[in-house]
């Protein structure tokens, strides 16, 4: 059934890096999966976790959050805040019985059109594997981040 | 969703020739929007070959006037390309420009997908998203703030000097702050400049003097900025004038103090550690200003409490051992950062032996060595101070283009290596080798210089040097430095004995660049260089209005480029000054004081210190001029008291719903 | 009291038993306890890796897996052999860097009822723990017979300071750990730029000509700089430089006589231990002549300090310690 | 999987034919090889203490990998001359895991039966044989077998050394066998069935 399942994914982009990366992917005519629909924020730091929940609630199967690489934020360090919220959000989702893998954080600079394209395609495949989002019942065990976080560590 | 508002929305789908129409059924898309999005308030949906053309714009303006549109959605290219175009069109038609939304169906749809049906479906979603979002848009007015005509320039290298002169000559006042005792920067240390080989001092010192004597320039050397507050138009800056222990009013710069001072100190700033200075010193003969400074750490009087030789001999009694640091407050409208670069510490590449093998020199050391005013009065000699080398190896990319150190190209090293090769030839007749990974001589008259040095007989070896060693394997290597390298063009490992090795140490950000960036509210790239607003189209502006960057602070570059950037930054500043006031994008956050619980969570989040806590009312407040509109505080406020114009919760939520609108529709065959 | 798990490695029971003997002799004075990993197996040296990847890493990982069973109070595995140290450290590092490898290796281990989670253990070399845990001061205190007048060439070899996944060493090319240790013993350490050049590794077995040249460079270098003997931290280095020195001399028609001792043997001597207890005499190139220098009061030795600090001439920058630098580094 | 190739594949972009060998070697290497990042600077060939005896410098080998010259690469003696001194690895500006790539190439050469007449493969295999029989190295067995087969003429020259080693008890005459040989055998048996892919 996952064969003909076409996931719908909402992507949040930062106006300065990842949105421009998407533009670059476009101007370079790089092809990637059409399942992601983008929303432009000024900064990944603007991302209110409730946006993600709203997206999942209104029919999205996954959410991709993208921002500038740590250290390259145009607002100096706000993407670190995005990272923190992302980590927190994953725990919340787990608690709500949703696979945390449905939300993914990707750093993409304005120059990384190729990365944006490949990461998008990859994420769509991951979600395709997970299948359509159906809200399971909250897991009883304490919500924890299952897998170690690969990203740059969050500054204290 | 908010039909209640009764907005009248117009949707305009652009073909962009075949760029969009080739992959998206634009006609179908427009028809669909007209029918399926009626309930959102879409009253008209048109498609046109080129919306951005004057005809396309007129089409929209006409509809706004005749159909009384209150919102406009243009489905075309990226907003970064034509948002301004269509906003202006709306403005001309009397509609607030911020009531226009662009739906990017070119960069995000037609150019990245191939299947027409799929692409059209996605385009529909994107348009629906834009429509439901635009309804939540609110009219916005640009914010205007007055501009203080004075400017602060940090860094007195060639870039900073150039900026200062441009602005001063235009008749506006400049404060030029320099950390060292004299302006001039690295350029003052050089002997010759490539590719024309004119003497660095000869072309630099006139500029230094001009800057030092210019009525519109207040020179503040031996000084550092310690605090910055305010925003574009009205920054408040505190500068620390470090105690010189010399009264600038009385000092004539006769340098007798320096002559009489008994304390000799290694000068690792100006002489790059290759020469000596006194404890009280004028860094170099043409220094501007000409006043000496006293180095407290090394001064015998400050250490032992006796000596005061300088004071005894000073003809004007200018020495003042009791002088204290001063703090000067400045008000300026714009700031240019031209803080320059640090040299990569070549000792970190231990296989090149710098610091272990005496006759391995850095490029800066060599500049001093070959400089007529340098420690050897221009004689190119070995560390023993007398022997002239018979063979010299110049190693490129030391600490550059190397993931173990700095990943980027330092830009100047290739040309510098060629310059050194020429100088060594000219002064010593020695055999010169250049070891390079790639020769990068791309600039006016640069490659010609490469040709010239080739003609002079410099030997080029393509290969990153593996090591420099003094361990001889054979007689003819004894007593030499052996450069071991793979000659990649010959495909063989070679061991080349030389007398002297010069390392082209790369350029890297100032050790305190990150701290300085934070102080002025601008960001650094992962490499640590200051980040420009746009890498191509806005290289001297930063994300912080009113703060500009010039020279190597923004990234490695040579003298011509630094000068060009210095001038460019000034042009941007002058433009601001002459506008007398500046319009800021109205994308700002604001606090609803009634909702604010005073939890102060937001206070710490703002990197621009725009959020202040009002003790009296126990609420937080945001200074619109400081706010850059990132929206982090909006997302963080637990009480939902902070809202961001241009990117409000309502707008984003609506866009989410819009984008997913299709999923809610019954699937059609 | 410092307690560690010990992975001796094959040669410690054969060609390098002098290393083992001397190590045992200095543990007590230094208050260090080593618990040998039960039933450890060969790490495969540099050979296994070249044949088949997964088996090679499984072979290594078995030792790590076994070690985790004995982790009472310590997670540090000490290997006195540079090659073993590198192989163990490498397996741990690559299993983390390359999850695919982790999975495969653990699948193999499972066949033996074992498993290993990369990162569980901390793999370190003997000299690392002696210099940085026990500390040079503690070592100095134990010195009863300073090696005054003994000119030693400090030879670190390749696989210790490189590739250095965990940035443990002061430098990749010119590390100072062994120098500092020998100085602490009162020895006169000669300037030996070849300290991390290669001893030839397995080439003594498969490409003698190649190996002999490498051995010659090292021995000649030490000899020209007036060393009485070379101090090494690795059984393979010792074997190549000591056991093959004769053959090398034959090959080049040279007559070098450069004794090669383990740094632990020199420590033992400095601690006043009896040479026999330290396995001295087991080396093929006898150290008798060299050791005659110890205890003999020599007139103040002319400083072997590097020729860089000349009074006249142009000044030089001070040396840089990367380990320090990294700590202080802003970025 | 090398980053760039990886991205090309994921992004659905064409993956040039001549990258396939590079890609294969990368995949079969223990860590992340970074092979595709080589800028041909030659710091490896320059650093190598044994470069003189190699038919190609490592750098050249990597260029040949890119060119897809499988035979020439696997016939090269370079991997067999490598002494694993890691000079090239720490000096490589692109962090290519050169030494490990050499190990990979040895393995591939043996499988492809393309290696030159170097004695190294036999030495490795003898060594491995020892380990798989005893669980520990056995120098005497190793030395005797290997030398008898390849360097009989070397034996006289080595006699004093061998004699010394034995008399000084540095070369035990009997091998030391570990307790749980069966366990080790089981692990290696399973391991041999597992190839490193992707």
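In this document, chain identifiers A, B, C and D correspond to the written order of the chains, with residue numbering beginning at 1 in each.
Note that contacts are C-beta pairs under 8 Å (C-beta built on N, C-alpha and C of every residue); 3 or more make two chains touch, one makes a residue touch a chain.
Just so we're clear, the structure is a prediction, and the values are computed from it rather than from any experiment.
Enquirer: Considering only chains that satisfy the touch condition with chain B, which of them also satisfy it with chain C?
Expert: Common neighbours, chain B/chain C: D.
Enquirer: Between which chains do we find the greatest number of C-beta pairs in contact?
Expert: C-D
Enquirer: Counting only Cα atoms for the centres, state how far chain A is from chain C in Å.
Expert: The mean C-alpha positions of chain A and chain C differ by 48 Å.
Enquirer: Nearest whole angstrom, what separates the Cα centre of chain A from the Cα centre of chain D?
Expert: Using C-alpha averages as centres, the distance is 42 Å.
Enquirer: Just curious, how far off is chain D from chain C if you go by their C-alpha centres, in Å?
Expert: 23
Enquirer: Of all the residues in chain D, which ones touch at least 2 other chains?
Expert: Residues 87, 90.
Enquirer: Among all residues of chain C, which ones touch two or more of the remaining chains?
Expert: 172-173
Enquirer: Residues of chain B that touch two or more other chains: which are they?
Expert: Residue numbers touching two or more other chains: 351, 467.
Enquirer: Enumerate the contact residues on chain B facing chain C in the complex.
Expert: 266, 268, 273-276, 345, 347-348, 350-351, 354-358, 375-376, 383-386, 467, 469-471, 473, 511-512, 514, 528
Enquirer: Which residues of chain D touch chain C in the complex?
Expert: Listed in rising order, the residues are 28-32, 49-50, 53, 79-81, 83-87, 89-90, 99-100, 102-104, 106-107, 110, 118-120, 123-125, 127-128, 131, 135-137, 139, 142-143, 146, 151, 154, 157-158, 160-161, 164-165, 168-172, 176, 178-180, 183-184, 186-192, 194-198.
Enquirer: Hey, which residues of chain D end up touching chain B in the complex?
Expert: For chain D paired with chain B, touching residues are 39-48, 51-52, 56-57, 59-60, 87, 90-91, 93-95.
Enquirer: What residues of chain C sit close enough to touch chain B in their complex?
Expert: 171-174, 193-194, 217, 221, 306-308, 310, 312-320, 322, 325, 330-331
Enquirer: Name, in rising order, each residue of chain C that touches chain D in their complex.
Expert: Chain C residues touching chain D: 10-11, 13-18, 39-42, 44-55, 57-59, 62, 90, 93-94, 97-98, 100-101, 104-105, 107-114, 158-159, 162-164, 172-173, 196-198, 200-203, 205-210, 214, 243-244, 246-247, 250, 281-282, 284.
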